[in-house]
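The data blocks that follow each hold one structure.
Look for chain A in each of the two complexes below; its partner is chain B in the first and chain C in the second.
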Partner chain A sequence: MHVPDGFFDAPVSVGAGVVAAAGLGLCLRGARRELDDRTAPLAGLVAAFVFAAQMINFPIGAGTSGHLMGGALAAVLVGPYTGVLCIAVVLLVQILFADGGITAYGINVTLMALVGVLVGYGVFRLVTAVLPTRRSTVTAASFLGAALSVPASALVFVGLFAIGGTTDLSLGAVAAAMVGVHLLIGLGEGLITAVTVGGVAAVRPDLVYGLRDAGRPLEIRKPQTTGA
Partner chain B sequence: MSAGHTHRLHRPGDTPVHRLPPQCKLVAVLAFTLAVVATPRERMWAFAGYAALLALVAAVARVPPGFVARRMVVEVPFVLFAVLLPFVAHGPRVEVLGVAVSQNGLWAGWNILAKATLGAAATILLAATTEPRVLLLGLERLRMPALLTQIAAFMLRYADVIVGEAQRMRVARASRGFVARDARDAKVLARSLSALFLRSYERGERVHLAMLSRGYDGRMPVLRDTAASRAQWAAAAVLPLAAALLMTAAWMAP
Partner chain C sequence: MSTKRFFAVFLLVAVVVAGLLSFYASSHPDGLTKVAEDKGFISQEKEHTLKDSPLSDYGVRGVGDERLSGGLAGVIGVGLTLAVGGGLFWVLRRRGAPAGRR
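The block that comes next holds the complex of A and B.
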């Protein structure tokens, strides 16, 4: 569920836009270290993958369903900076599908790309730093990172709502509803992220950015220009 | 809750709206939406005016209302939220059809409903009249960072491939009797996701090698010049200017 136009007042929209722009600028710089021109297709693929994965809705009870946010998943697979860019691109394309408003793009990027990746990848790093580096650790860390990133985004949403929501609801009710629902969605997100990362790590560990320090470096096949 | 993503977005055509360069349309839609969002919520006639403007654009672009309406389905969760607001918000109460509801909530619900619907309709019209590939060229012209347009370009290219693969896997699951019932079933879906990622990645690798062997150097060759003339900018400015006039009138009105 993405924030549409008119949901937040102008100062919050503009403020979040500035935060989003600064964050994206930072990530564009950082992504150069994670990617070169040749591996940009991998980032595009992850973006397309998150986009496709978001079509799978999983039921969370009481008639509602949630779908993947993908921040933690993208960060673990391609690295945090590129992960933010991937989610930002996914959100941009979703505007065309009328999912999320143009003037709320800054808010959506802040909530889902920046906070989602920051918390998701932060928790992932913390867990992998504490536990021994093994594949099961990576799976568990992805689960925790993804599961916590969703309620964290919901909390930031509530915070923004407190500053500049265009409606006066009791804050406690909004916070309880948002965080409660998103704890459940987070479980689904964590499960999907963990099994996806686990599955990829089992077959192609070279594709998991989060395993980079642990095992072999990412294999980039370069075209042969001489010979033949 | 974005169930509508499999629909085709683009409606090919050859109308004045289709022919406008993408960067003009992008700026126009952004400016239009800004005007809508900046309008005070009590001026209902202004929102009717915006809707009429969009209807005019849709008529010129020959986009049928039903097409726009179908694409609006993504908005449903927020509509529910907006409908719920009058009953849960605080503030003084008013009677509507014999039910006491919050006046603030009523306005807030209307505010979200009107602005979100107009914003969504404007972007749907943009997507209906502009090919995604061409939109990217427009974004490039508006100086979006190259890395982002590159990721977006690859994403658009791979999206159909991945969606097709996901669709085949969904059919395979369904034909084996799988129905997602509760959270425990997420495990099955997650396993398909990891298989989906690997399959599409390995396909992407082959595509990338094929592109490299045809001379790809990190930028798509530009096959179509999308430079905009002054007349085209002026034509694109009609919609946001009319919206800006309406907005100004809404602020000035007593």
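The block that comes next holds the complex of A and C.
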């Protein structure tokens, strides 16, 4: 979903740049609460892993491929603020590989980092709020969040295209094509995210941000006896 | 699994994915590119400012073998991302005790 230079006019590119800058500023503050001596290196590794995984385009039929965006994956593993920063770092490094336009950086951060994490982690949170926080629930919630984050980003792309796309097209047709294709890519996103989160949760559940609430009910009872 | 060992395995997976598996990635256009081709707005795409970057299009310039060039580019990308991300997160972190129970 890397947007190259030229798809959007200057106002939308600048506007998305402002949104991206504000979002990243917020996340730089928020990430402090998520990062410590142990989770900071993990977050660096998660970013590196997302870079690697994004190189794997998987076929979805009709001569089309898709690849991981990684927002939901990073947010569940290291927290939503840090997750946004992970994807923003990946997108920055990818510019050196001529992937994703420079003037489109704000658009790409908005679509893949901000919307990806907001929807991916938001859905994850909704599911884990309803169901008990267990490893199986967290894996399933990761799948759903990740799967929905991709068509959501595609929808926002269409919205931006309506405001300032450089081509005058039937928006209905673009929306149908974008959402249709990205629903399929979302299945791949969900699968890769679920396997990765499930894998980490199997080996080191204590390192999974999304599993932090799992031990809470037991921890809450203890302080009560001390009569704090 | 110790934290150190877990981190080493995680990094190894990323290096293997970027360095070896990436060669087998689908070369079909991705969702957005395909839609842009079908709907006719791919023509608006401008050449990338860094199209002459030594790492352009996930290859290392000067390395002839496609598998080696792509794999090397992938490993360099993993290293760069780890350095930039890890550095940023290390600076941002709260010093001292783990935040596990917060």
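As a working rule, the second predicted complex is superposed on the first by the 209 of 228 C-alpha atoms of A that agree within 3 Å, B and C clash if a C-alpha of one lies under 4 Å from a C-alpha of the other, contacts with A are read in each partner's own complex, and residues count from 1 in each chain.
Here is the rule we use: a residue touches a chain if its C-beta (ideal position, glycine included) is under 8 Å from a C-beta of that chain, and two chains touch if they have at least 3 such contacts.
A quick note: this is a predicted structure, and the numbers were derived from the prediction, not measured.
Visitor: Let's test your reading of the overlay: on chain A, do chain B and chain C clash or fit side by side?
Guide: With chain A as the common anchor, chain B and chain C collide in the superposed model.
Visitor: Would you sort A:126 into first (chain B), second (chain C), both or neither based on which partner it touches?
Guide: Neither partner.
Visitor: With the two complexes superposed on chain A, say which partner A:171 touches: chain B (first), chain C (second), both, or neither.
Guide: Touch partners of A:171: none, neither chain B nor chain C.
Visitor: Could you say whether A:44 touches chain B, chain C, both of them, or neither, answering first, second, both or neither?
Guide: So A:44 meets both chain B and chain C here.
Visitor: Please indicate which partner A:10 is in contact with in the superposed arrangement: first for chain B, second for chain C, both, or neither.
Guide: In the superposition, A:10 contacts chain B only.
Visitor: Between chain B (first) and chain C (second), which does A:162 come into contact with in this model arrangement: first, second, both, or neither?
Guide: neither
Visitor: Is A:21 touching the first partner chain B, the second partner chain C, both, or neither of them?
Guide: So A:21 meets neither chain B nor chain C here.
Visitor: For A:192, decide between first (touching chain B), second (touching chain C), both and neither.
Guide: In the superposition, A:192 contacts chain B only.
Visitor: Would you check which partner chain A:34 touches, where first means chain B only, second means chain C only, and both and neither mean what they say?
Guide: Only chain C is touched by A:34; chain B is not.
Visitor: Tell me the contact category for A:99 with respect to chain B and chain C: first, second, both or neither.
Guide: both
Visitor: For chain B, which of the listed stretches 115-123, 133-141, 187-195 or 223-231 runs into chain C?
Guide: 115-123
Visitor: Same chain A residues contacting chain B and chain C, which ones?
Guide: Residues 1-2, 4-7, 28, 31-32, 35, 37-38, 40-45, 47-49, 51-53, 55-60, 65-67, 85-86, 89-90, 92-99, 101-102, 166-167, 169, 173, 184, 200, 203-204, 207 of chain A touch both chain B and chain C.
Visitor: Which chain A residues qualify as touching chain C in the complex?
Guide: Checking each residue of chain A against chain C gives 1-7, 28, 31-53, 55-60, 62-67, 82, 85-86, 89-90, 92-99, 101-102, 154, 157, 165-167, 169, 173-174, 177-178, 181-182, 184-185, 200, 203-204, 206-207, 212, 219.
Visitor: Which part of chain A faces chain B closely enough to touch in the complex?
Guide: The touching residues are 1-2, 4-7, 10, 13, 24, 28, 31-32, 35, 37-38, 40-45, 47-49, 51-61, 65-67, 77, 85-86, 88-90, 92-99, 101-103, 166-170, 173, 184, 187-188, 191-200, 203-204, 207, 221, 223.
Visitor: Which of the residues in chain C end up touching chain A in this complex?
Guide: Touching chain A: residues 1, 3, 6-7, 10-11, 13-15, 17-18, 21-22, 25-32, 34-36, 38-41, 44-46, 48-51, 53, 55-58, 73-74, 77-82, 84-90, 92-102 of chain C.
Visitor: Which of the residues in chain B end up touching chain A in this complex?
Guide: Per the stated touch rule, the residues are 1-7, 9, 29-30, 33-34, 36-38, 41, 71-72, 74-75, 77-78, 85, 88-91, 104-105, 108-109, 111-112, 114-116, 118-124, 126-127, 132, 135, 145, 147-148, 150-159, 161-163, 166, 180-183, 185-187, 189-191, 193-198, 200-201, 204-205, 207-209, 211-213, 217-218.
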